[in-house]
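First chain A sits with chain B, and in the next complex the same chain sits with chain C.
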Partner chain A sequence: MLAGIDYFIVIAYIVGMLLLGLYFKKFVSSSEDYFLGGRSLPFWAIGMSIVVSDIGALDFVGVSGQAYRYGISVGNFDWVGSVPAMLLAAFIFIPYFWRGGMYTIPEYLGRRYNKSVRTIASATWILFFALDLGVLFWASAVLLNVLMGWPIWISIISTAGVVGLYTYFGGITAVIMTDVVQMVIMFIGGFALVFLSLDAVGGWENMVDKISTMGPEYRSHFDIIQPVDTKSPFPWTGILFGLTFVMSNAYMIGNQSIVQRCLTAKNEWHAKASMVFGSALKMFIPILVLFPGLMAVVVHPDLADGDQALPMMIKSILPPGLVGLMFAAFFAGLMSSVDSLLNSTATLFTKDIYEPFIKQDADDKHYLKVGQITTLVLLIMGVATAPISSDFPGIYVAIQTFMSYFQGPLFAILLLGIFWKRTTQWGGLSALVIGIGFAILLNVFKANFFTIEDPFLYISWWSFLLAFIINVTVSLVTKKHTDEELKGLVFSSKIITKNKS
Partner chain B sequence: MTEIERLSIVKSAQINQALGVFIFIFGIIITIAMAFTETFVQQITDLVAGLLLMGIGGGMMWRAKTILKKHQSKEVN
Partner chain C sequence: MLNFDWLSGVSAETAKMIFFGLYILIGVLVIMLPNDYIYEGIKKEDRHWWNNLKIWSVAVLSILATVYYQF
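Moving on to the complex of A and B:
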């Protein structure tokens, strides 16, 4: 449990976040303000927010833990697994979404394919986000319970109260700007941890020497490329095909909570620059997250659970003040994940379900209210379902796995939708449905198809490939769209060089 | 410059000012936390982190104030 100055810092941080978030209420007067920040935000804030949303507290702890167990190969997720995809998103996909004045990715799919594709994609995201909320509330409550000694229910309600209030009133502006603060604090605390950890292990070379002589299981800790028969979940084939080609692109291009941030940019240049800036910041994430996990191998060699590596390093290495600040940043990471889910789900529901199916042509204030009420309902659902997550420890992994199966087919139809004029509404719809079904099938019978224990990278690759082939095949035998229907929806080389204001 | 552009600039400056205040206050708290450290290295780490936060926060506040002064005076004119 924290004590003294660190306890004070965590409390001050939570209260400060609430006040800061509530301050942004003054910038919300329309649904565009609520969902897209009035399309007025600068690239640097959006770039920081993308990075913070991508690397939440659970990932922070998890990646350090994997670095402790498997070494630096986990860094692939932030380097080859993010940077190329972010650049592709910046120069090819984001301009179309931004120019089209879109609120959601399914909205693009609806315009490019048909309403069914839009609804299936949106409903899947809503289901995933809603399920994830309970898990994140529970994780936040456990963190507060461990750090502050608060009872679990008080912790859940405090988290929900703080995040709910500023997301309800401040919308995406509050979500992005609280991320900026977290990013600054996480970087300063993270670099302090790396600097002091290096000092504690006697420098980089000393650490490499020590780890290399610790036994055969540590021999490949400094190999960024792992062989196909590695015991880690990161064989190079999975990293290249599953992660680099499919999952990273699907995440950076097809994930509503990431792309929605870019759509808040004040102009197209800022929308593109936000992804480029985010990718530059992403290069530093492995240094902040992975290195402390590696150094923990030397400082705390006998940890039963690798996920304890980062919290143990923070407690044993950082001075008072920064300990509180880093744990506050952890908590803020969880809050950031929750607020992103709340706002993105409210956007998906209002724009893709409520507006087309329940009430069309209502005035803007009505949709703003619907967005806010959806946020409130999701918040209550999240709080109510949080305890269920404690009964099923594997639920978070299950939800993430489910998401990875959806992403392969989704990326296939996004990719063909932008780059191939000939792809049709029936090609897209059949690819999405059959691709998801195939991914579920591969998961159910994974023991028959794969040799590694957790083949999510391979499953995303094969489901992507099948969805791609089905989209092409069905499109070739169905009626193609007219040029007028495709205007502003398919690739043109001008998109790379010309910005629109 | 149109009124919409001016309002957008003022909005950005107000956001930066709020962020700056938050980060600056945390810089002060971290600098004060030096008093609770035990070793010289820990003191220096807290000092550098605190000063960095104060520098970033202070910089954002100063820049926002300059912009607000310029654009709010235009409103008066």
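Moving on to the complex of A and C:
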């Protein structure tokens, strides 16, 4: 499928990323450098890194496929499903975490609630990230195998080698700065596909006219708000309650790989600005990933599987050279997801598991070494478990679904933890455990409870609500924390009206 | 109840207005933040309109509202 120029672009991209990532090795001399980039990074790099980490190659294919099937309502995930949450994170949560000098979200939960809450939250993230690594390695290997003709094992080891080397040596600084380049490549490749596809369908108006006349199933393809009784997974109630109120906040405020980036900012303004800037960039993501899926409805109207929409558009629309660039964009999405998982998991393990439970009060070089060794171990585990993905084709979706069930209860305890000083450790712990259990129960019996195809948005909302109620109820009947224990951990208007400077 | 059937009487237009209301609410809350808090981390002499995060946020919300108005 690739021409000579495409091969050159892809290989130049991979080698370039490796060299760029390794350059940042010289800035790592402490654990703070490794996990938080020495708290020295600018907002624009962090903002770009947040966006590119959030969108992977699998999302490119998946979202285009959903746009092909359901239309523009998929864009809600990057629009209303990101921007309000990123602004809330920027102005309320991130300043707290940044001022507290924290490394991880579970670290906050541990200080606010207790060690058990910290360990459960951290262990869940570690499990999720570790499982995801193998899946992502397999996905990148399949891409390399199909497009470059490389054998699967060579593909896995080359991806792991490139990403692993710069993440191992350069830590989060290498991760963020390579993400910047990856985002630029992703935007150039993505926009090239959008503009050429738009030309192929005769412009936007023409495309809308054609799709609207294709039959009743396409009637609401251009309605961003879907009714409650829609059969798609995106009714407006799910978008508002499940996505906007719960999942997006849980993701932007409670996801280690997102928040950790903001904590690398050189000062509080840069930490806030990184989220606001990221939210601006986020507005473009649906254009890149959703529009090609919509245009495929016109160009390839009879696809049996919507996930074929993007590959088919690349194959039929892009000329040599741009195919290589688009593939580099895919690869950029995968690499940015893998490097984020590696560094965030190493941070969670070192800070929330190793330091409190295995070896306290060691010198800083020791924790730096532990972080690097954890990165290496994760890399080996990811490579070893990658082939499992071929036996379970739905494993990526299953892992994402599992995480969506964790996020409702997690956001409930984060929200109450920061805004309500009466919340106690037992309220938080019981809300987290019962909330996750309830989400799993709803998922197992979803056919009995829900009428839409995939009710993950509703499950997030109801598990959040139950966790919220349990946290409040249990907190009211258990011993409250003292003001001394809560110092710097609960929201106070003083943080807004009286500043350090 | 779990399927929000009790909101099935709400039209798509009304639902859209709820989203617009949310954007306006967020915008108003951001505008109400004190300037000192918005600029925290930047020296007084380096504070300009272009690094005022309120303006950035309102611009992003305006684009978002335009997208929802269009579709």
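A few points about this structure:
Definition applied: the second predicted complex is superposed on the first by the 493 of 501 C-alpha atoms of A that agree within 3 Å, B and C clash if a C-alpha of one lies under 4 Å from a C-alpha of the other, contacts with A are read in each partner's own complex, and residues count from 1 in each chain.
To be clear about the criterion, a residue touches a chain if its C-beta (ideal position, glycine included) is under 8 Å from a C-beta of that chain, and two chains touch if they have at least 3 such contacts.
No experiment lies behind these values; they were computed from the predicted model shown.
Once chain A is used to superpose the two complexes, chain B occupies space next to chain C without a clash. Taking chain A as the reference chain, the count of touched residues is higher for C when chain B and chain C are set side by side. By the touch criterion stated above, A:Ala12 is placed in contact with chain B alone, chain C being left untouched. By the touch criterion defined above, A:Leu322 reaches chain B but does not reach chain C. In the superposed pair of complexes, A:Val180 makes contact with chain B only, with no contact to chain C.
In the overlay built on the shared chain, the residue A:Phe27 is in contact with chain B alone; chain C does not reach it.
When the two complexes are overlaid on their common chain A, residue A:Thr244 makes contact with chain C while staying clear of chain B. Once chain A of one complex is fitted onto chain A of the other, the partner contacts of A:Arg219 are absent, as it touches neither chain B nor chain C. Using the contact criterion defined above for the overlaid structures, shared-chain residue A:Asp199 touches chain B, although it does not reach chain C. Of the two partner chains, neither chain B nor chain C is touched by A:Arg422. Remark: least CA distance from chain B to chain C after fitting both complexes onto chain A is 13 Å. Chain A has no residue lying at the interface with chain B in one structure and with chain C in the other. Against chain C, in their complex, chain A makes its touches with residues 72, 75, 79-80, 83-84, 87-88, 90-91, 95, 222-229, 235-238, 240-241, 244, 267-273, 276-277, 279-280, 283, 442, 449-452, 455, 458, 462, 495-497, 499-501.
Only residues 8, 11-12, 15, 18-19, 22-23, 25-26, 29-30, 32-34, 36-39, 41-43, 45-46, 48-50, 52-53, 56 of chain B touch chain A when the two sit together in their complex. Chain contact summary for the complex, chain A toward chain B: residues 4-5, 8-9, 12-13, 16, 20, 23-24, 27, 38, 40-42, 45, 173, 177, 180-181, 184-185, 188-189, 192, 195-196, 199, 266, 318-322, 324-325. Residue ranges of chain C in contact with chain A, taken from their complex: 2-5, 7-8, 10, 12, 15-16, 18-19, 22-23, 26, 30, 33-34, 36-42, 51, 53, 56-57, 59-61, 63-64, 67-68, 71.
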